[in-house]
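In structure tokens below, several structures.
You will see two complexes here that share chain A, one where it goes with chain B and one where it goes with chain C.
Presenting the complex of A and B:
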């Protein structure tokens, strides 16, 4: 069984289930000047919310892998998303959105890679839902 | 704020209509354009088609019919790659002995490869096909594929070189012969071509001496020392087909020597040519600016830097619009097949070995085209020396990637690897995504049982 070969050092992945747990990482992120925030047009991070209210905070550059998210965040004022840097996906559950975020990291890490690109592990049980999400997100 | 899912895709029904015989039920397959995703794909539906001539069948990706071919052509058309022609060895049992004879692939069918869904289709073509050929060259202008040159071998007609242009209409899937005015190119094979601004350019080749040398005074011809008149020669012709007329443009600068089995790639308005054979195998590298028609010999900026070995029967493919090129494989000066990919970087003006694959396979006389973004695909060719009695043919396509596959393709791979559990779920997926999945899952030849 292969392990995931890529390291996730660049990915700041925070789970915040509403009203129950605030992880330390999230608090630190809001105050520590080293990390960017989610506010404003030049924010380093964006929030992706799943249908079951999990929030995934990922780097904006990574999220722009998705053509759909790119349109939503940069479209001319049609979407409120480009002001608040938050996107909600009412049809994508968290177990799928999590895989999508991991794909963003994988894609960015190995684009223009000079080495052989390792496999991206996908659980076969999630594959079809992930395919539909990927088709919608255009990534 | 939420984002509403937009369902319902726009379809643009195309003229291509094909039959697919399946379990006694006539099925029609059309090439449809998905407006939202900007791609073409085959979709099945149950209506009977009026035009009963074409036939489309999904092909097993491992089918020898696809990969056992040498000297074929492969061109990129929209999100497909069109593969045609070439030959392979066929073992015949005749008079109590086994002989190996070349078997040329039929000229009235093409293999279409869908780069995104990774599915092959065999398409039968009507019209006037060219003879079965190897060593021809092809290019795409608009919705037409132009084919020139090549070598044919026929039991009755003998061997000869083809000197006419054939056009394949990729909408109607029909062959047509093109009659052009002006002085035609020399009959030859193992030449290269590219298409620029609606013109089909040809360069080099190996073929018989011209019967009418007076027309070809500006073309240099070269042969082995001591060659007889009946032998063949290399040429350095540069000719283009424009508006039904052959033109012989004048060029300046460092003109390359005659050669054949070289490789060319077009980036923007510049055509790059590498290596080939003129008696010996070459590794010189030229660029022709198609606006000014000036040849430039490209040397790496650092003379001590490694360069690819001299070779013929290799491939050169453009990687992007900035002039990066991928060189793969071929046959070297010691008659050994090669497996080394190289990348030309225009900014650094140098060749560097390509490390995208940890163990690149040997390939010679294959065909390479760009696949999806950041990907180059090699089809067919030999995985051993051509001089062996029984050369090894390629057993599959080779993919060279600089960028990971899209998530859609990765998911399709997983569904493909887990067919038994995937198939029932597909019926809950909206079309045309379901059509793509079904095409992929049925590509092994067996239809899923509903």
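Presenting the complex of A and C:
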């Protein structure tokens, strides 16, 4: 009897890992053809989704510039994002998330760099929303 | 030298970088790893010019001055459809920022919810 429960639990864990069972809260965004580059805990890339459903695929190392994303992706496994390597921002529109991604690249490229660091241009129209996003993302 | 690009297709944008002398074919292989579409079924466009597999990114006009980390160059990606023909290059534009108020702050922003993993 005992081994029966264990076997079922084991199956459930496997199924959940394969995304067959949906966990509460977060929805699984992609269907079966999973992005190879975005799979598993050591994936090179992660997917960031904006409020208007634009997907931004960036290198995992870049996305970890943000403290919030770092926590989401590498916290204890209860975050669905940890498994699918996908984070959805329901409050960040795509034009802001685009600038955020460019900032990630800029930061990683020029941190500890001896070359001359160019300015990061920010359009005043976007500045306020970008500030709020940066506050949320802790970066 | 590294060059930085945004590769866009409909509602997807991929931020990646590569060396100037990387071939277009190599870039398609990188995209294959991310999007699981083989290079034969991918077409890359820079400014409406198709990028040939044998050319390098530098040959296509991507240099370290035109494709910087904070100002990446934009390339458009198309997949081959089921009927064998390639889809038309299509990119869904991003949202537009609201108009700048004169001096007053806009009042509609929602407070972002903070999630912190313990």
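Following the convention adopted for this analysis, the second predicted complex is superposed on the first by the 103 of 139 C-alpha atoms of A that agree within 3 Å, B and C clash if a C-alpha of one lies under 4 Å from a C-alpha of the other, contacts with A are read in each partner's own complex, and residues count from 1 in each chain.
Here, a contact is a pair of C-beta atoms (placed from the backbone, for glycine too) under 8 Å apart; a residue touches a chain by one contact, two chains touch by 3 or more.
Predicted model only: the values in this text are computed from it and were never measured.
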Which of chain B and chain C A:45 touches, first, second, both or neither: second
Per-residue touch tally on chain A - higher for chain B or for chain C: C
Chain B versus chain C as contact partner of A:116, first or second or both or neither: first
First (chain B), second (chain C), both or neither touched by A:94: second
Which of chain B and chain C A:136 touches, first, second, both or neither: both
Which superposed partner A:59 touches (first chain B, second chain C, both, neither): second
Chain B versus chain C as contact partner of A:128, first or second or both or neither: both
Partner chain(s) touched by A:103 [first = chain B, second = chain C, both, neither]: both
Intersection of chain A interface sets (partners chain B, chain C): 72, 79, 91, 103, 106, 110, 120, 124, 128, 132, 135-136
Parts of chain B lying in touch with chain A, wherever the complex brings them together: 1-3, 5, 37, 355-358, 374, 401-404, 406-408, 410-412, 414-415, 417-418, 421-422, 425-426, 429-430, 433, 437
Footprint of chain C on chain A - complex, ascending: 33-38, 44-45, 50-59, 62, 68, 71-72, 75-76, 79, 91, 93-96, 98, 101-106, 108-110, 118, 120-121, 123-126, 128-129, 132-133, 135-136
Contact footprint of chain B on chain A as seen in their complex: 72, 79-81, 86-91, 100, 103, 106-107, 110-117, 120, 122, 124, 127-128, 130-132, 134-139
Complex interface listing, chain C residues touching chain A: 2, 4, 6, 11-17, 32-36, 68-72, 92, 94-100, 105-106, 109-110, 112-118
